[in-house]
Amino acid sequence: MGDTTAQLKLTHEGALRVLEAAMASAETQGTPQCIAVVDEGGHLLAFVRMDGAKFLSVQTAQRKAVTAADRRSPTGGLEQGHDLRLSLVTDGRLTNLKGGLPIVVEGQVLGAIGVSSGSGEEDLEVATAGVAAIPGAKTSW
Amino acid sequence: MGDTTAQLKLTHEGALRVLEAAMASAETQGTPQCIAVVDEGGHLLAFVRMDGAKFLSVQTAQRKAVTAADRRSPTGGLEQGHDLRLSLVTDGRLTNLKGGLPIVVEGQVLGAIGVSSGSGEEDLEVATAGVAAIPGAKTSW
Amino acid sequence: MGDTTAQLKLTHEGALRVLEAAMASAETQGTPQCIAVVDEGGHLLAFVRMDGAKFLSVQTAQRKAVTAADRRSPTGGLEQGHDLRLSLVTDGRLTNLKGGLPIVVEGQVLGAIGVSSGSGEEDLEVATAGVAAIPGAKTSW
Amino acid sequence: MGDTTAQLKLTHEGALRVLEAAMASAETQGTPQCIAVVDEGGHLLAFVRMDGAKFLSVQTAQRKAVTAADRRSPTGGLEQGHDLRLSLVTDGRLTNLKGGLPIVVEGQVLGAIGVSSGSGEEDLEVATAGVAAIPGAKTSW
């Protein structure tokens, strides 16, 4: 490989599409959610806190997204105990709570979504709906 | 729903009433306490550290109140292990220690009280007395 | 005043409307922006980072919004030197950079918008367009 | 001097008396304030945020009180520039903003009051009224 390489990036238009699809899923679910979309470097692209969602989840949703972008896999799969060590060494930025999913297209990680305010299963369902809004994005793990 | 909605808020007069009722309960109990009252967004409204209460409890009482306001339920009900993950992802702001109660009137969360310096049961008793000072506030969970 | 009082709140629908209007202004301007909308307590409601906007502006936009919500006035009006003291005492959360505006309806602060990634004047122009999306919101200062 | 010495301490009853006198002054003034009372070690004893006071002032009021207790003198008297160095080296806990006063009785520092949300002059006036509530406390500097 040479000095440079090309990488697919998520646009803000794409990030907002993810947000809208996730919001629609949360409305169907009946659970107000915090929803965050980050780029491949973990920087925030788009965010919404729905009416009634928890204020501490503003940060939690972002950290789930950061974790999924970092590890290129859904959050929640780490061994118990080991996950606490990883949280501590990252000052809490890495979390093993369910509800974070990477957005992967053609094998490249474009970013991630993190959802927080419901149960882990509810959060994951909304995150999955968000990822599915991007054509070609990987939705099964 | 439109762009705006109306919500009940706790006044400082209300917050001080909660504080006084909680202090009276702590005096009856014979345990000096730190008592914090926060608004629905977790911002401090009123606080007292009674003579002999622990100085680290200044922060603990506030974090119990923040947690109860955020989760809209009494602190202490989270599954062990899961609670540590939630503490880590919130930089310690969320705590599962007993002694935090939301102040709920007409189904709306107006804020919360957090009490710390005694045992979990003592803290909860004082918090309950505080919430009961607000007419119509929910006191059974 | 009694224990409770009623207050207007911004819905997430309202916050997204502010975001959209601000994005449209930034597109007309030709400057990609970070745009944050917070509630009256400074908690994030909605956010977008447009393609090409600066990643450090993710935080700057939020802090402009927090400052405008806290002070109930546009950012940028503090005396030089004094503004540094206020930034230090708030751990950098308060900023005097231009581009933050409160959202005020019927004399009540519902929240605020913060915009960052352009010049101060560009940021303020985009913020103003965002606020104007809420019917009845104050737009001249 | 032997191994131990006796020190006057402010009780929570005393701290609440300071709070009430300061609140009465703020009401007369017509400016909602955040008011904090700390002990001689800078630990919070009592606090109130009046309706309409700024949420970032929750921390600012406490830091003014901490600074006054630490330096045993009113805040605001440091040389410009030097005060920024002291803020930086204390992670912002020391502030030179006006509105902090030590509570000194018989030459001993019992604690301090910090007031924040108005102008520096308004904050100082309310702090002075608070200190005056303690019999024998020093009120001129």
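All chains are identified by letter, namely A, B, C and D, in their written order; residue positions are counted from 1 within each chain.
Please note the rule applied: a residue touches a chain if its C-beta (ideal position, glycine included) is under 8 Å from a C-beta of that chain, and two chains touch if they have at least 3 such contacts.
Small disclaimer: the values here were computed from a predicted structure and weren't measured.
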item	value
Given subunit A and subunit C, the chains that contact each of them	B
Far-end chain from subunit A, centres as C-alpha averages	D
Centroid distance [mean C-alpha coordinates] between subunit B and subunit A, Å	31
Cα-centroid distance, subunit B relative to subunit C, in whole angstrom	30
Separation of subunit B from subunit D, taking each centre as the mean of its C-alpha atoms, in whole Å	25
Multi-chain contact residues (two or more partners), subunit A	51, 55
Pairwise touch network: line, ring, star, complete, or other	other
Contact pairs between chains, per stated definition	A-B, A-C, B-C, B-D, C-D
In the complex, subunit A residues that touch subunit B	51, 54-57, 59-60, 63, 80, 83-84, 87-88, 91-92, 95-97
Residues on subunit B engaged by subunit C in the complex (per definition of touch)	1-11, 13-14, 17, 39-43, 105, 110, 134-135
Sites on subunit B touched by subunit D in the complex	11-12, 15-16, 41, 43-51, 55, 58
Complex contact set, residues of subunit B against subunit A	1, 5, 41-42, 66-67, 69-72, 81, 84-86, 88-91, 93-94
